[in-house]
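Two complexes are shown next, each including chain A; its partner changes from chain B in the first to chain C in the second.
The block that comes next holds the complex of A and B.
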């Protein structure tokens, strides 16, 4: 529908417009002036109405003077850090990794306000070229420190043909009302294998936005795991594109929300050529009045025959007031494909709980075992034992917290 | 007189508006094995669930003592720690929880409830290995998620393994023979018989006499319409097998 009246702009939008103009991003500023932040009437933001949820935007981030301890330690990992949007100098990279910097943002242009904001505000991007297989986990520690700040940063990863690696991104920082806008662009060469894990451990006051764009060449294999376990408001957008025959994505994610939190994983995947496959699997656990959203769209191009793609979202409600929202979408232009979607939502199974308790396991411990069991499918495929243990730690930390 | 391991007095229970147990009386002294036989729908399985503490049932009258303690005041985990064990007719599959992890959690939870220290990993592994050998359970099976993809026989053997590890005072076996072929039935029965002891009692619930050839009971009770209508020695089971339940039903059809 055409906008006939100018939208009423709020404080967050006014700040964004001023910030965009200050860096010369007039086109993006104009876009917000005309349309405002997306409301529920914008389909891709239907359950995450940014105009309502994002009431204020803090000043643009300045370089950080201090850094808190890493949010997640993985023994043996090679660490790189981006603090307040500034790429920090790193120790010597292990064999196979070339670390560099490039100007500007990394994401392909698309009609999305978070993508536009990142492109306008990210000054430079950290680049990683993985020339051959890399053994240690590569950890990108992205954080926002000090007073409340609006920080944008970006990361670009090339995985060479036949190379394999595991990349962990962690998001954290000081306990302030930050707005983080993070972008990651990953290109996988032929037969490259990548495990990409992103864990939000930001403070509750923070709003966390991340956009991950993936391009998979022939035979490339990608496994992702997005974990939302920190910010009060979080949204991670996943844009995988399967561009070579035999490319496969296990796109997985997990929303862990407590009272007052809102977490959203939105995937928009494109199967662009024949013979590609994907298995998107998302889980949400909500307690209190927490709200978890998963949107999953599978687009199959006209000549992408033999695409095999199944979307699944499983929700677990730990309270009566919690909300779990699921929106699968299929947009299929080819006629010889196997595509599907499913969503389930429920409480802990009472028979299972009774069985565990009948063996002497007290109720609370039995419930924790069942929740861990529910999530194991996501952590189990991660091969690096230290990383899997760290992720179990994140999940257990959430389960034991309130 | 020694305290019975299990004493049920005038137990009434219902699910929603339907009364299922209508005054059950049963006393099992230490070391005895009692069998409860009855046709499908007579309330046998309800009795086992009510004893184990399943929430779906409302107890309207009566009491149950386990070794002198009031069982009905306890939640299912407390009942287990007090020494009650129910071998399920249909053991529940729990994806994502490794059988080994579950066994250790159960053993340690019960030890903790009794004020004992946690088992060390080597002690735990040794106990599992010893108990598993007789039941033909290898460690590969225990690495799998609890009961997930187990065959009928594997599920029942896993139940008996848990019983052997948890060393309960009172074992209730609910239709343990269902889903078992002859060979599996022998392995399972042998495992159960090995657990017979002077300080441990058992309640074997079944509707076939077959199981009682393997696990020979001291007393047989006939269950009908929510209560015990007849008790006798093991020959009662043979009579039942020969004549059917009709003779014992108050309102025989």
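The block that comes next holds the complex of A and C.
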């Protein structure tokens, strides 16, 4: 007597199923056939209902013939490019880097549709082995060119014990309704130090999905900065795992959303062993009818005593119609820990604005100053001066590009 | 935990009373776990349209009510059980359950003398006075009006006459359906729609009893109103429905308590509580939830799947929820406020304590719709034993809720390393003028705190009780006086034996 509702599949799902079948990924195709794309009923997609947001999926990407100008140039950086899922040949690598290629996806299996899709569709992956400390910034220029295309690519990075490096990933491409599904897997050896920055500068018509998985060994230090400033629909998933005592993560992100955009940064971090720490810090700025989503989950395993983790999200609303939705989450199984989270949301402080304007600074300029001040905290810790300047450029570009 | 067998041979010079009180800590502390032999009238087992008709007929309900229930039942058939909560439990077989159980007594007792004495004795044992207390010479204590609900029916409601003098209606919902149909039709399901969720819809189809409160315009209810819920029969579910309406400028404080016998089976309690506050009205709703939590191995206990929601319909109205959750095997409960009226206020104060194999997923929703609405959430979760304790709360400001304001603080305390404490807030700001603040922490009782207390002569358990009481104090102070003392005792009972 009980009735079950079959999942109704939309155009995007039909295309995905056909594409998956064409590459022999029947299991993932079956998964979509049964469950469809995640809706708000799926906890981890509560605010990013892919079923309604992703209306159409373009054909699978073919190798690119032409390339647009690089979205971001950092003087002195060593550049590698993946265009339309194909790894491009590169100049000789600086000392300490071994560049290679491997088959297929890089992410660990996980109950997540973007992870499954990337695993099924990414043909080969770029591998970087950092044997010793690398000075120049390593830039991975990931782009989708030409006609609207559905592209999946993947990158795997190993940072050897004691090595340090800075990796910048930029996402860009031609102005078309692309769907990009990018994956990055990073393993940090003992006492390795990595700064990992990803900047989405895709065109507004593009849907950008990225999943970054991190594994930190003893004493490893990771700093990330995710900046969303491009695609109309974007979701970046961050899955750090602290697997060695003394591992520490400063997982940070910046959601810049304008009218009509939907940007989601979702972190799901696991403190797996005793004595690890993390300080996730995310900021969202929304204007027009933009929608910013930040979800941040801290899982502390039964054994992970003495974990010290504090998640923070700050939202800034620049218009009355904007939306900032946040879901911090604590899931704690060890009793001797110091964990917390905070989430605030509001508009620019009237008093500060008045202070600046009463000193002769026009309103718009005063607002920009305050917003810059609000963001300073995220860009400040980046040591490479040329890189920091480039990032400031991205932020200013967004602030002025109303 | 020590067993009787683990106690070494007693020395002569040890005070017998001390030993007894220590040993008493180890036996199951659930003191309401007795069962009362009262003959009951039951519905046939299982759930079908016939069950719904049976319940409606038993209650002498008008046709509109039966139609309403049947529609809910048909709707329910198309729904599935929610799975998003962080609780895991064996599914209940609804076809192996009784949906109606009522103590057999004269059909409509005119006075307490016609009520089965065993029943009054049971309530006495639970500490609930059903006889309106005579005022003793020189000793005047505030009265509390009680509606006592056992299994599926309300057995007695006290102080009705005194309340009716000021125009307050306080009776069981079944009576209200018969006697005040226009009020019930106007407000029933106006806060929790029939198809709101799986359990609420099930409740709409098969609810059996509960309380109905109507406070007329401008009246301040002269005493605390309360309902005491008791599940007694085996294999029954309790589906209570409470509706409280506070007209403009009125005030009411309402308390709810609940207990059940110890059994090794799981029983279902799926209630719906609706509050409506009109202009400038204030409703204060306090719950001390102490359903049987199951034994130390996690066997038995009540599934408490409850939908509670208040609607601040009028401007400047206020609804305040205070809850102390110590019982139930599984708790799934989110008392919420819809802040519809401009300037309305919602408050939620909660202490959720879990021990043994209890699983709690509880919190609140504050939906800001009106201008300048404000809400405040203070939630304290304490997990011990093998339990899981989740706070899940939503705060949202809609586009028209200019100047909405929320402050949330949720703290969790872990006692022992086999339990889990989780916090899942949903913070949704759809409006530039809304200001939201959310803060959450998780910690354990520090060694320093314990050392400090023990150094001053407190035992380990006394020290834990003291620290925990300090931890939850900002919630306790929002409970009515009579409840506060009781709750403090309850907290120390729930946590005894959880140290180490």
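Observations on the structure shown:
One rule holds in what follows: the second predicted complex is superposed on the first by the 397 of 402 C-alpha atoms of A that agree within 3 Å, B and C clash if a C-alpha of one lies under 4 Å from a C-alpha of the other, contacts with A are read in each partner's own complex, and residues count from 1 in each chain.
Note that in this section contacts are C-beta pairs under 8 Å (C-beta built on N, C-alpha and C of every residue); 3 or more make two chains touch, one makes a residue touch a chain.
This one's a predicted model, so the numbers in the text were calculated from it and none came from an experiment.
Applying the stated clash criterion after superposition on chain A shows that chain B and chain C can sit side by side. Within the superposed three-chain model, A:373 lies in touch with chain B and out of touch with chain C [touch as defined at top].
The partner of chain A that touches more of its residues, comparing chain B with chain C, is C. Note on the composite model: angle chain B-chain A-chain C, taken at the C-alpha centres, equals 80°, rounded to the nearest 10. When the two complexes are overlaid on their common chain A, residue A:365 makes contact with chain B while staying clear of chain C. In the superposition on chain A, contact of A:100 is made with neither chain B nor chain C.
When both complexes are overlaid on chain A, the residue A:332 reaches chain C alone and has no touch with chain B. In the superposed model, A:76 lies in contact with neither chain B nor chain C. Nowhere in the superposition do the C-alpha atoms of chain B and chain C come closer than 16 Å.
Of the residues of chain A, not a single one touches chain B in one of the two structures and chain C in the other. Those residues of chain A whose C-beta lies close enough to touch chain C in the complex are 1-5, 41, 43, 46-47, 302, 305, 315, 317-347. The part of chain C that touches chain A in the complex is made up of residues 77-78, 80, 84, 399, 412, 414-444. Considering their complex, residues 350-352, 354-363, 365-366, 369-370, 372-377, 380 of chain A touch chain B.
Chain contact summary for the complex, chain B toward chain A: residues 52-55, 75-77, 79-81, 85-86, 88, 91-92, 94-97, 101-102, 105-106, 109-110, 113, 145, 162, 166.
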